[in-house]
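Per-chain residue numbering starts at 1, and chain names A, B, C and D are given in the order in which the chains are listed.
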Amino acid sequence: MEKEPARHIALARNEYLVAINGVRMRVLLNSDGVATVNGVRHAYDLHESPEGGTSLIMDGSVFEVAVLARKRQRADQDGIPDASERIAVSVNGTDFEAAVDDRHSLLVKSLMKTTAHDARSITVRAPMPGLIVRIEVEAGQAISAGQGLLVLEAMKMENEIRALQAGRVKEIFVQSGRAVEKDERLMLIDAE
Amino acid sequence: MPHRPIKRILIANRGEIAVRIIRACRELGITAVAVYSDVDRSALHVRRANQAVALGGATSGESYLNKTKLLEAARKARVDAVHPGYGFLSENADFAEAVEHAGFKFIGPPPSAIRTLGDKTEARKRARELGVPTVPGTVEPLVDAGQAFDVAGAVGYPVLLKAAAGGGGRGMRIVNSEDEMPSAFATAHSEALNAFGDGRLYLEKLIENPRHVEVQVLADSHGSVLHLGERECSVQRRHQKVVEESPSPIIDEAMRAQMGDAAVTLARSAGYVNAGTVEFIVDAKKNFYFLEVNTRLQVEHPVTELVTGIDLVAEQIRIAGGGRLEQRQAEIRQRGHAIECRVYAEDPANRFLPSTGTLERYVLPEGPRVRVDNGYRQGDMVNLYYDPLLAKVVTWGRTRKESIAAMKRSLAEFHIGGVRSTIPFCQFVLSHGRFLKGDYDTGFVAMYFAPEALYREGNRAQVAAAIMAARAKARMTGVAPGDDATFTTQRSREWKKNRHATLR
Amino acid sequence: MPHRPIKRILIANRGEIAVRIIRACRELGITAVAVYSDVDRSALHVRRANQAVALGGATSGESYLNKTKLLEAARKARVDAVHPGYGFLSENADFAEAVEHAGFKFIGPPPSAIRTLGDKTEARKRARELGVPTVPGTVEPLVDAGQAFDVAGAVGYPVLLKAAAGGGGRGMRIVNSEDEMPSAFATAHSEALNAFGDGRLYLEKLIENPRHVEVQVLADSHGSVLHLGERECSVQRRHQKVVEESPSPIIDEAMRAQMGDAAVTLARSAGYVNAGTVEFIVDAKKNFYFLEVNTRLQVEHPVTELVTGIDLVAEQIRIAGGGRLEQRQAEIRQRGHAIECRVYAEDPANRFLPSTGTLERYVLPEGPRVRVDNGYRQGDMVNLYYDPLLAKVVTWGRTRKESIAAMKRSLAEFHIGGVRSTIPFCQFVLSHGRFLKGDYDTGFVAMYFAPEALYREGNRAQVAAAIMAARAKARMTGVAPGDDATFTTQRSREWKKNRHATLR
Amino acid sequence: MEKEPARHIALARNEYLVAINGVRMRVLLNSDGVATVNGVRHAYDLHESPEGGTSLIMDGSVFEVAVLARKRQRADQDGIPDASERIAVSVNGTDFEAAVDDRHSLLVKSLMKTTAHDARSITVRAPMPGLIVRIEVEAGQAISAGQGLLVLEAMKMENEIRALQAGRVKEIFVQSGRAVEKDERLMLIDAE
């Protein structure tokens, strides 16, 4: 099922495609207390608590669970908004970020054209929120793998962002002294 | 010198350590006065204090590092003493001096002792004079990068560049070869300058993958100096400790006495008063070398408290008030074994980079054997302004095996949602064969840790998460479970038949 | 008899004790299976377990007291053993027998020992035979109220009526004179019948305001029997303990050894295995008299754990699995001092009557020296179906003074809103001169406690509450602070002028 | 001020009468951060948290506070609804139940007629929620002070409710076996 293109999957109204850490699961909510996940039927007992956390008892095993805030939708590499719902769930203290599709979001996806993607162009993104301390390269400059590109300060630590492979700096989106968000675009590199 | 009794203390810090000091104050019947930056307005350390004074600002420089504002707060709150905690101004001799000049007791060593022992170069010199073993390297700070090349050539690569003024891994770089020296020197210098306002560096031979073992010292103002045994702190990432334990799995009574004597000798020679820590590195042959002195309380002080039964913060306050140490060295006994795991807001799967956001879920462990020193509450924001330490989990057992079991149980109960934490990393450590055997050193993380080892949740946890996520999506779109129950059994055939009916 | 290793345990209980046993299981690598009634569906003990089996029902009789359902759950979950906790079926020999017959280990004493020592009348007889001092009174259960008159006349009023089968103050009445006997007998009989299914009573001379001191015993199935020192439990309301400590302020080494020997002798004579407690009363001259044996874990077991370092629940499980006690009597050492405060959902200002409702606010103490054994979470309902014990706060100090200071600090941090609790009562106890001196007995509450001593919040706390309440009301009605600022300074004059404008 | 009848108090729009544990306070919310309570001005700093609990820093002192659920309005002895708002506030772990009046509720109160109250009739109310195990008296029966009236079971403890003074049972509102709420009327006694 995993290789089947999303647009060819026919989902029931109460059926969902859930992707967690790269694993895709097909979840059918049969009734309140029974779900079929990838064809396996699971009986569960869930009593939601006003305080957020609660326990899911599935096939006799207890999982302490909480649905966290809905994540804002993330633009993919090419700037096309992702129609999947991003939902974070805490299970036994571990956060799972799930991308959830229902029949409607799959339809939206199948209608959206995908722009051709230039594999040779690499976007360097901020690995964490922080402050740009200095930029160590210039637009147009040739760079080698491992070379320092810029220095990002967060919580009083300076972190040097380095090139993963050789290439040339195509564009720099930030300036020294600017605060950046996690995943914000910093540079565009033309890979060699 | 007559001592004014300490009745009110200003805690010049934030987070879990401020809360921990406030608790000691309350147990001693002392009024605890917190300070807070604008972003910390409703932080736990404010809530737990008796009184609180606003510092304003958000960055450390505008608040917890601002000497003028802190002294003003101390005056305004009419305190008798100031406790600096760790980090921030805790090892700043000028601040200690300014506090004393303003008429308050500084709960820490005298400024002269901070200067003598806090400066790594000075401390190393003194250690050599006293016959305490040190690692080969520079005695004076480096003049420039050129000198760094020369000394490194003499002692042999790899070498270590370290900030003369600092600690905690800031301004520290390993240099493996001549090629790396220029950028390493520049970065370490710049980091040291930013972090401590002092860019001086020194250099020493790198003892590869040593153990990091430190000795807790307590000294009163009447000439009594004690050591409280060692802490093993070799599990480090980025030269910062994450998991600590006491006693160390490799230290026996004889070695403990030797290291303890060395630590007491150093402290006594500098007229040290109050709590301090003498750090050593230990090589594979169990030779120990003096590394540096931390002239303050350590993050990991609770492991010593759990095995000795001595409350280090209460002792600090008593000592600052002129009190005498009640025990003699022979009466200090370690009982059982303790471990500490530091819970940082960092993503261990992504090079331990800071993770900010809201603590949407924050449930602490409870029950037997576990102590939690914590600075946050569910709903709090974790921001970029300060150190990302959220809490420390400390467990005790009669044996190392028991304290490890208690720690694993406690970490499993510690649920953090919305922000990544070092909990999964600590769980990795606590389950690793090397750690379980006590056979590890500061190379442990580099050697054995890979992010793939994290989040090994069973398939069943993922299934549970998938069901929860699907239910949440269903709720958003107003679909009730079973809304399309006909699809359950005969999917493909029914699909066509019902297509029209189920499309909204 | 070969022992099947214990890998899975059913915990036939709820609340904090179920959670505490689950934690021990998890530390021992044992799968913990919880059971739950309908109303406990999302209770903390379910959340903390590995697995959970529904019992259905709401009342104890429908759930945690239902032997058939519990055995069915044990079979369904394929466990190796059953832990009964305290209360419910923990002292029910028939249940223990049924558990063993069904092929599970019962984590507690053998049914024969429960019968011999759990029956107060039998136990008293045995104690007399073994030369352990007992209080004058009936040896056999009373035949009727008439016999009660006779025996009471012989030993002299006041006397105590007690349920032969029970504990925890149920079915117990003090009778001061002949006049009170009929209704006291009837009520005690009825209560005993309802609570234990056994209305038999016995009678003894009332030792007025004794101390209540008990000795913890541990015995393995290989003939080793140890005592772990005493617990002082004299702070009681309604004959139920609220504050306990270890060691007792009045017991010295010699008396501890005497009482310990008596306890071990009794346990050994009955073939006792697993954890148990021998209760004594101590009169003003420090004479001790055997009271009864509790053939189970006690609520207050944590104070013993904190001073001895021994995990009683882990030992119970090891013993049930056929393990041997590792220590000898001489190796058991008390270190420091521990106190426990029981936090019940009761209103101490209103005769300790149960207080039900939603825990709108429920914040536990944290940090050094404090352990919290807890069964609830903020948002949980406290209902009428079960025992109103919410949590236990246990603190440790090197000295009694230190553990009291830690307890006061911890109770101040324990915030419960929406339901009344015994916290203010415990705070009263911890601040009372008699308690501080260790000079108190079971008459303490009757003698010194009055509800007026509670809620002595400063005037400032009331002002803070008034401002919060006024702000809440303003928010409900859409008034912003300062909406009528003209009234601030010149109220009466401005009042008339603005009357029209400000009326909505 | 305490003896002044409620209907004669003139309150500003942002002014409140707050009664806590029998103490009446006049609270003027001057501005966000300043309140005048019984004529004394208090500067305070409050930052409300989404999680409920927060700290009020008043005149430099810290109070951990939380506003709990609004209590349902309680009928007074004579069955007349109380116009005051009942608000429970937790301060440093202690619950304070406040009766709050603003100018509107005072007006309502002043308009309500108060029924004459027969001081000789005593309503016996349930001191806690529980189950009526047995009733030990009958309607019309003369009783003495201290005599048992009925037995209420809660959390497996039997609690005998006794007469505070001598009199005669006028009416019994409950039956054996019935569950009752806290403060529910159980009996009416004509005092001697």
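Keep in mind that, in the parts below, a contact is a pair of C-beta atoms (placed from the backbone, for glycine too) under 8 Å apart; a residue touches a chain by one contact, two chains touch by 3 or more.
Here the structure is a predicted model, which means the values were calculated and not measured.
A.B. asks: Give me the fewest steps it takes to get from subunit A to subunit D if each step has to go to a chain it touches.
C.D. replies: The distance in steps between these two chains is 2.
A.B. asks: Mind checking the centre-to-centre distance between subunit B and subunit C? Centres are C-alpha means, answer in whole Å.
C.D. replies: Chain centroid spacing, subunit B to subunit C, equals 38 Å.
A.B. asks: From the C-alpha centre of subunit B to that of subunit D, how far is it in Å?
C.D. replies: So the centroids are 49 Å from each other.
A.B. asks: Can you check how far apart subunit C and subunit D are, centre to centre, with Cα atoms defining each centre and the answer in Å?
C.D. replies: From the centre of subunit C to the centre of subunit D is 31 Å.
A.B. asks: What positions in subunit A touch 2 or more of the other chains?
C.D. replies: 53, 61, 64
A.B. asks: Residues of subunit B that touch two or more other chains: which are they?
C.D. replies: Residues 48, 412-413 of subunit B touch two or more partner chains.
A.B. asks: Should the pattern of chain-chain touching be classed as line, ring, star, complete or other?
C.D. replies: Looks like something else, not a line, ring, star or complete graph.
A.B. asks: What are the touching chain pairs in this one?
C.D. replies: A-B, A-C, B-C, B-D, C-D
A.B. asks: Provide the residue numbers of subunit B that touch subunit D in the complex, in ascending order.
C.D. replies: Those in contact with subunit D are residues 34, 41-42, 46-54, 77, 377-379.
A.B. asks: Mind listing the subunit C positions that touch subunit D in their complex?
C.D. replies: Residue positions touching the partner: 60, 169-170, 183, 187, 190-191, 194-195, 238, 347, 350-351, 353-356, 358, 360-361, 363, 384-388, 412-418, 420, 423-424, 455, 457, 460-474, 476-477, 479-485, 487-488, 491, 495, 502, 504.
A.B. asks: Sort out for me which residues of subunit A touch subunit C in the complex.
C.D. replies: So the residues of subunit A touching subunit C come out as 45, 47, 49-51, 53-55, 57, 60-62, 64.
A.B. asks: Which stretch or stretches of subunit D touch subunit C in the complex?
C.D. replies: 10, 12-16, 18, 20-21, 23, 25, 27-37, 42, 44, 46, 52-53, 56, 58-59, 61, 63-70, 85, 87-96, 98, 100, 102, 104, 127-131, 148, 153-160, 182
A.B. asks: Of all residues in subunit B, which touch subunit C in the complex?
C.D. replies: Counting only subunit B, the residues touching subunit C are 19-20, 23-24, 26-29, 48, 302, 305, 309-311, 335-336, 364, 366-374, 398, 402, 405-406, 408-409, 412-413.
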